[in-house]
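The structure that follows is given in the form of structure tokens.
Labels A, B, C and D are assigned to the chains in the order they are written; within every chain, residues are numbered from 1.
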């Protein structure tokens, strides 16, 4: 073909554009972890014992639940949804794991079974969202209420039974000097990150979240990634529930309540858009760890709860201001120059 | 242009975003009563200049004067008050408000106790619509309007505030017939207004404008009087090098011998009925029609995006049910669709161009579900070369690319799918001359390599140059079908407007 | 010309009346209102006291705080945002009213102003963070919510204090023996909304919620629209806190916490689109009333209390599905 | 379009089904309109075992002869939202309740409604938590000085000096405040005692464990822990860090009592006392109410004090059977969850109950309701707890269970 190639003549206005999504996300991730570390170091002023490896270990253990939940929450948010049912799903996971422990069969049957049940409920959320066009917010809130009261009725208020040994081992055990949960967190984060950022599935999640119509036209069967996201979210919550059971060796109803807002917060502080299509799990992990660290440091402050809470809120806002997109972008451009 | 004080005078304006230089030392000058064209390829900086003139963004340096007064609008409203109104390319209408409300934004007429009066708003809206000959209901939600209707409304809104300087950015992108617009423009200029007219359609520009200023890569190359500038020179200014535009007719081979790949039989749907045609292997079947003749619904129905009320579709001779684009891709030799609206239906702005291109086949690049960056880039590079998309763009966010390159990428995506049947809906909307050439070439070579194309275009010359046969749709029906030889603008235009059946039938 | 012709054809079905009707349905208020009527009928069937003045008064006293809070939330949601700070504001204004009771009508006014002040202040903070500094609303307001709750604890570290008797008794009373005053106050809010509907600010709110770029290119100031939404919401939260204090007649530093999820449920139930640009404050208010009524219905229906949640959840989902179906039918009906 | 219609119909059907379900519900409700006392049980649901045990024993008693013939008991759960409980009370009053036995979510927010109920002749019995409305009966241990006594016991165990944690309850809750005030009253007397961390456990084992873990990160060298409910979590947090345990006081979870009795744990440094909130209060309150309703007892509304359980390590005794007999006060591991609150039973007040009742709300076969001791213990006034504008007694915070063994 002989027609000229004008596009070759068009200079791209500036090659800094090449530093696309990837770098800005790495920067914000780095920034978050930096904040967390600064907090830990700063906490030395609160108490000399803080800032020790021991504290880091504690933080990781306490953050592990949040990290697992936040992964699922992050996926749902990525596809443009929101999962308010996770609190109940955590409880469900814990309750089933304890009440069925022993009676249901060996653990290698029990645990997958519980995860499967949770995943199915998550899938139901997706059905409502996709085909009944129910806003994710209301759908997951409703299913959350339903599951919660079902659990309440099923246990008539008192969950019985003890944690599966596998989770006792996970939460209490240790490999040499390193606690098992730390290893687990590392592995989980790697796998989860890979799933979201390096697989075809992950790519479709981003596409669907960024522009569902376009994804559909491009030939993506949009319902699959969406349903998968909700199912994974529910399963993650269930798993976290079992971890909590392993940690405290017993389940209670409402054991998940304290994880709903933090799960959303860690995703959003991690720079993901609440509207979907943008975000990286690495940053979410950063968010989760930042929040947990904040908790430990705050609770070590010698002042009354009111002021502590005020400071906690203030620090969250501060972190958000520091991690603002345009600031990150400016950093990026500078680094690109 | 003699000493008359210029309506708008822009002197060496520059603007850069972060590290990206959008405009550098751009100057342009408009006389009262003239229609001044602003030419340049996508990404040449036209949109930025428009934003600066209409007060959306402030220039970093540079001076602007209006009728001699210094001009530095700090907001759109301010610009409007000073007499500069703009019809934006990305239409600036609010979907969940009525036509009337949109016409009176941001300040709606007030009734008693300073409250917005719905009646007054409607009355004002109706008056404006009446005045500019727009037959819309003032109470209709903008969301419910067709693209063309919205475009008209956008234009009307700009005209409605009787500006001294009127900026029209790609006003005909969604309009097939331009008389209405041109009449308005001429009225305005007759009344002494200056119009800055931005379009990729040179014949329109020649018809309407006296002078043209050309931008390239954010710099103003120069201003020429149009009567004494050949297309050749203008293209040269735009793309920086002689632009041989050769378009020969495809030798209308004995297509009828080739196997039929897509057969539509009596299709009826949302806004079309009784549509039957046959698309053969290696054939480019053109579809011509004014906007809103049902072609959009037809295309969408053929990939399962819109419901089919009745009729049957055969692919490779087999009866098929197309329930969605994903199914269409897997049906027979595969059907891929290039949608109408690049931004809302096409790109994923935050993803890299490469990722955008390979998305439909993302499962195939890499193993065990894991995407291999290398394979992805290779695949993307391969198909982007087919559409003459420079491979350096592959790593950019597609959102940062110029419209033309985005369009190329989307075409590359359609080809990437491996589908041998392409449904292209106005593939060159709002893209520059050079890009058009590349797209034409890509479509041709695709057909030559045995692919089949169903091509709708709002620009008749395209169909004339590309199509082997051409269907003319009117009022949701196939109004005429003309073999390659008979396709020329005259017969097409006649058919388009639904006239002279016998002539085309003959 | 033919183009114009078909343009006109496409937009023909825009007759005023059907349009208004359709909008009524599609902005959700209509559907949730129907649901409310159904539930109330059930309730009246099963519980004679439903139709007595005291019954109605209880309903309205119960619903008023949530209804007003939901009204505020809907402002932010329409402008395409989330506002969690409601929990903080309600707690804060509640403890303030209980810690500094002022008797008499004047006192009521003073307390009201305090509550509005607190709400407005936090609204301004949210506005700055979201509208000007462009933080994601859900995250920013999470921060302000936590701070608000903290301040509430600082002011009052345990439930206690008393709201001035005059305030708490008068405002929970009945006017002319039929009209609960709390109801009147909610109606007042509705009235304000109907006025607000007729301002450019409100149009801006909807415009920004639907399409930010288009709105700004149309000359609407996105910043001020968002800002208005958050401040207005804050003020309403303050009022909600005031009404809550009036009803409970005492202070509780955690009083606002239950409002967090309930307001959103009410807003969604009220047919306000959580993706912005569509909905009505009236819908949100009826949605809130429906949620409160549902508890009563389930009680009088004698549903085993373990499982009430299941019914609540199912009703919510059904209501939404039904609403979206009706609105879609209305829409498609109009297109055809 | 077609699918839309289909969906529409299906939803209609579903809605119909729902209505039907309601109808069924009301049917069962209005079925047995015999001459029974309408009693409503209204509880918050923090979803922990304490709440459900309290509820269960009330249910069990209501089914124990002769009450099974006299009582129509209906349970309403109001979550943690005072508004919801207000609505519930309103409904109960309108439904013509004879009595309401309730765990009040707020000590003050319910007053207005309670007053209205009293005027309509409804008996309001509040168990464990209290309301300040004088027309209600408060039956609670709160006034019995949990805070100061446990604090003194801890001080004694620490010989008057050391770094301690305060594991508190729910922020902004009056019970938590009363306990902590009492404890601080004691701790302040001992300059050697240093409160290095103070956190909120929401009366929940897991939260206690997590919060204690945080505190331990800051202060690994803690010498003692003063805990409200959830105390077993504190022990688990210590165990997560190693074998070292510290003296601590807490409430009545079975896990904690077993630990106190466990020689291994004692060797690792655990000693202390188990006291605090007994679910049995609910049963006692219920029986009191029934005795008033059945005219067996004449009692004006008042604040009644339930005795504070007090079990130092050396007095923990495992039960062989399913209830407290011959002074036993804990159950062997595996028989009940570690979070199970042991003080459901009271040989003195509630001989009718067994483990079955506490866990499933089922009556104990063969048992019948036994009368309560004639006299009730009046609780001292405590502003904000059981009265609104009243003077606390001069000897508030007086020690009743332990005496100081160390001088400040």
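One rule holds for everything that comes next: a contact is a pair of C-beta atoms (placed from the backbone, for glycine too) under 8 Å apart; a residue touches a chain by one contact, two chains touch by 3 or more.
Since the model is a prediction, treat every value here as computed from it, not as a measurement.
Using the contact threshold fixed earlier, the set of chains in contact with both chain B and chain C is A.
Farthest from chain D, judged by the mean position of CA atoms in each chain, is B. Averaging Cα coordinates per chain places chain B and chain D 71 Å apart.
Look at where the CA atoms of chain A average out and do the same for chain D: the two points lie 35 Å apart.
Distance from the chain A centre to the chain B centre is 41 Å, each centre being the mean of its Cα atoms. Among the residues of chain A, those touching two or more other chains are numbered 132, 152, 156, 305.
The set of chain C residues that touch two or more partner chains comprises 152-153, 157, 253, 304, 306, 308, 314, 321, 328. Every pair of chains in contact is given here: A-B, A-C, A-D, B-C, C-D. Interface of chain A with chain D (complex): residues 43, 46-47, 49-50, 52, 54-55, 58-59, 61-62, 132, 152, 156-162, 172, 244, 247-250, 252-255, 258, 295-296, 299-300, 302, 305. Residue ranges on chain B touching chain A, taken from their complex, read 18-22, 41, 43-44, 217-218, 239-246, 303, 305, 324-326, 328-329, 336-337, 339, 344-352, 355, 359-360, 362-363, 365-366, 369-371, 388-390, 392-393, 395-397, 400, 402, 404-405, 408, 413, 417, 432-435, 437-438, 440-441, 444-445.
Within the complex, the chain C residues that touch chain B are 1-8, 10-12, 14, 16, 19, 195, 198-200, 203-204, 206-207, 209-211, 213-221, 277-278, 335. Here chain A touches chain C in the complex through residues 84, 128, 132-135, 137-139, 141-146, 148-150, 152-153, 156, 261, 264-265, 268-269, 273-274, 304-314, 316-317, 320-321, 324-326, going by the rule given at the top. Across the complex, chain C is touched by residues 1, 4, 7-8, 11, 14-15, 18-19, 21-22, 25-26, 28-30, 74-77, 79-84, 86-88, 90-91, 94-95, 106-112, 170-174, 176-177, 384, 388 of chain D.
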